[in-house]
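First comes the structure, then the notes that go with it.
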Amino acid sequence: MDGVHDMGGMQGFGPVDLSPGQPLLKTDWRARMFGIELSYVQPGGFNLDWMRHVMECMPPSAYLSSGYFDRWYWRDAAILANAGWVGIDELTSGKAAFRPAEAGDAPPPDAVPAILSHGVDSRRPSKGLPAFRLGDRVRAKFHSPLGATRLPRYLRGHVGAVEAYHGWHRLPDVSAHGDEQAEPLYCVGFLARDLWDDVTSPRDMVFADLWESYLEPA
Amino acid sequence: MDGVHDMGGMQGFGPVDLSPGQPLLKTDWRARMFGIELSYVQPGGFNLDWMRHVMECMPPSAYLSSGYFDRWYWRDAAILANAGWVGIDELTSGKAAFRPAEAGDAPPPDAVPAILSHGVDSRRPSKGLPAFRLGDRVRAKFHSPLGATRLPRYLRGHVGAVEAYHGWHRLPDVSAHGDEQAEPLYCVGFLARDLWDDVTSPRDMVFADLWESYLEPA
Amino acid sequence: MTIPRDTKRVIALQEELHSHLPSDPALRVKALESLLVEKGLLSSATVDRWIEVFRDEVGPKNGARIVARAWTNPIFKQRLMINAIEAIAGMGFPRLEANNLVVVENTPRRHNIVVCTLCSCYPWAVLGIPPTWYKSFEYRARVVRDPRGVLKEFGLELDDDVEVRVWDSTAETRYMVLPERPPRTEGFSEEELAAIVSRDAMVGVAKVITPERRS
Amino acid sequence: MTIPRDTKRVIALQEELHSHLPSDPALRVKALESLLVEKGLLSSATVDRWIEVFRDEVGPKNGARIVARAWTNPIFKQRLMINAIEAIAGMGFPRLEANNLVVVENTPRRHNIVVCTLCSCYPWAVLGIPPTWYKSFEYRARVVRDPRGVLKEFGLELDDDVEVRVWDSTAETRYMVLPERPPRTEGFSEEELAAIVSRDAMVGVAKVITPERRS
């Protein structure tokens, strides 16, 4: 999706604010939001690609004016409301008017170690040889569906070289929307001066991990 | 400049709000802002390319959360402050602490008819033959300077055909920054399905007016 | 007088202005007007005059007169399509931004629609101040990508075999749509025709509708 | 249970939520926690536990141990560069998002820096929760385009002949920088070395500095 979340190379932003952040305090709403997201029963199961996409669907002005953990709130509120598990009145009052059917039990504190040690894994079994080999020149397609994708806009139309092959991985474009499909995933290196008008360093590079269907031979 | 102002094709925006706007009332701040912009003495003279660019330099979140005439305010405040003609304290209080040297006199009401009948004109005398002819296939360059440009991001890297030749026109990339340079200007037509993944209509087109240095033969 | 026109400088300045000035635009604009008047850079009477001009003189009535004349005068229409600004030179409109006016014609098989994705350029001289929706981010962002979807929101559904042409006003060229003349208007005078031409039709988000039989 | 996962639907829903819910995030998050607990979808004790884990156990100390070991153990370093997740398997770190950890090495002629332009992906398992600047729009937008300018703001000026490599975390691969070992640290133990490795050095916005002589 061509949204404001896709901000690589966007201009108009000022200097990076280097102030140190606050530590996580159990009473702080940011820390609560952080913990809630890792702890609540997600409708249809934990789906990182869907979670990212739901955040991308925030109103553009709200995305740019909300802090990091506040964007988590809007993501989770939308995930729950989209599934019909919460209503706007409930989100306002904090009082439950109903309980969703088919929702599992809330994960208890002692589920945390298992989640920590297993983690998120997008790797999938190989279903064949990758189309590109190390060093191959590839062009990022003009791929911009109305839906999830992880091909940044600043790379589209540009040519790079395959730097590494990561094996087969779940394709976000499909899995965000509830299906499962896997593809070869590559790390592709681009010369910075090919991407940007204003780069003078001849060898600086930008690397991104891109799925096979994002690429074509160049 | 790759800024949020360059919003052609951006997704995440909802339906168009069709509510009728308010009429211009002399007491309304929007109408005042409208009239102020057409009436005040601009530092260095009225320069539409610079005016547009100064608005593009608004903080991205402010651009997206401000209304149309409010963005005019931020543009004009920045134009004046950039030239040293007003200070932040003055903008807050509305009280003048000093008068800028070398500023001309405020245009009186009876200057309006002359401005109306003359208008803004970007046309310049021809300095030679245009490089492209009607029907030529041209590709929009990946041209994205940190500065003014009028090549929309959604066209970059795409191929279209020259639909019309408009003669030589002042180049915004240069004139915004205070110099004068002119180039042939073309209307270029692009097939919508070449620009966007999700277009099914085979003949729909998008046209834009593009300067010669934005284009290369395709 | 040389003005610094540097992008990084203005980005930093805009950030500073935004962090110091009050949020209410009505307050800020009021202060700006007082300040500029005190500095001798502005006359409030000129502000009033511009508001009057755009309230009373410059508006979509201008464009509607052009459309009505093109519908009734084939020679004018031919000149209009070739060089609009010369064709309308005698009609008493201001120039403003319309020194490079281009008229694009709707037909049963082709529909034109105008936008400015980079800001909100609009043919003020012939259509007045743009409506709020034209300046909205939703319109600017979406109409180059999904013109048919946007037109549906305006109540205009186009057949699949109608070609849609979107004109993005990226330079000082200003586009105006010449809508199709509606059926059953053969006996209408130029003035009667002008009265039924809407602003929306000249931007390309509506068609001109045959009026109900006048009583 | 099938969940509708439609982009247009969520865009409309997000718009609706934003127009109805209060603006104060502290209020909203508090209501969300109460609501989810009442619905049986959340245990507040689990929320507490996650906060404790990231306060006490998971943080840049993990990455610093990896770096120190790589500096002192050439065989470990070789394994780390080939397959980081296997190399660190015995060190007791969580997996989290680091099932595809890639370590990139700084040298006198090459400097690496990590970003996620599309959201804020970060190697939590080895570096903990990302710092605020890493999640900022300024960093995300600028570092792929002007890494040298951003590094200067962090106080790091690179020579022109140093190659800069920016790693955009667009997939589930997580990148960590192996910084250069600073001079005059020959006698340091692995623990002493780990103590001088900063989080910023492992993201690539700083170098590791030789500590002042300890008294």
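Should a chain be cited, it is by its letter among A, B, C and D, assigned in written order, with residues numbered from 1 in that chain.
Simple rule for what comes next: contacts are C-beta pairs under 8 Å (C-beta built on N, C-alpha and C of every residue); 3 or more make two chains touch, one makes a residue touch a chain.
Remember, it's a predicted structure, so these values are computed and weren't measured experimentally.
Among the remaining chains, those touching subunit A and also subunit C are B. Steps from subunit B to subunit D, taking the shortest chain of touch contacts, total 1. Rounded to whole angstrom, the centroid-to-centroid distance between subunit B and subunit C, based on C-alpha atoms, equals 15 Å.
Between the Cα centres of subunit A and subunit B there is a gap of 34 Å.
Averaging C-alpha coordinates per chain places the centre of subunit C 49 Å away from that of subunit D. Looking at subunit B, residues 1, 9-14, 57-60, 64, 146, 195-196, 198 sit in touch with two or more other chains. Chain contacts: subunit C has residues 7, 11, 15, 137 touching two or more partner chains. Contact topology of the protein chains: irregular, matching none of line, ring, star or complete.
Remark: the chains found to touch one another pair up as A-B, A-C, A-D, B-C, B-D.
The part of subunit A that touches subunit B in the complex is made up of residues 1-4, 9-14, 56-61, 63-65, 142-146, 153, 156-158, 195-198.
In the complex of the two chains, the subunit C residues touching subunit B come out as 1-11, 13-18, 20-22, 25-26, 28-43, 45-51, 53-55, 58, 94-100, 102, 115, 117-120, 125, 129, 131-133, 135-142, 144-148, 150, 153-154, 160, 163-173.
Listed in rising order, the residues of subunit A touching subunit D in the complex are 1, 5-11, 13-21, 23-24, 26, 29, 31-36, 38-41, 43-44, 48, 50, 52-55, 57-59, 62, 64, 66-70, 73-74, 76-78, 80-83, 85-86, 88, 90-96, 99-100, 102-103, 105-109, 111-112, 116-123, 146-148, 150-152, 154, 164, 166, 169, 172, 176-178, 185, 187, 189, 192, 195-196, 198-199, 201, 203-211.
Subunit D contributes residues 7, 11-12, 15, 137 to its touches with subunit B in the complex. Touching subunit C in their complex are the following residues of subunit A: 11-14, 60.
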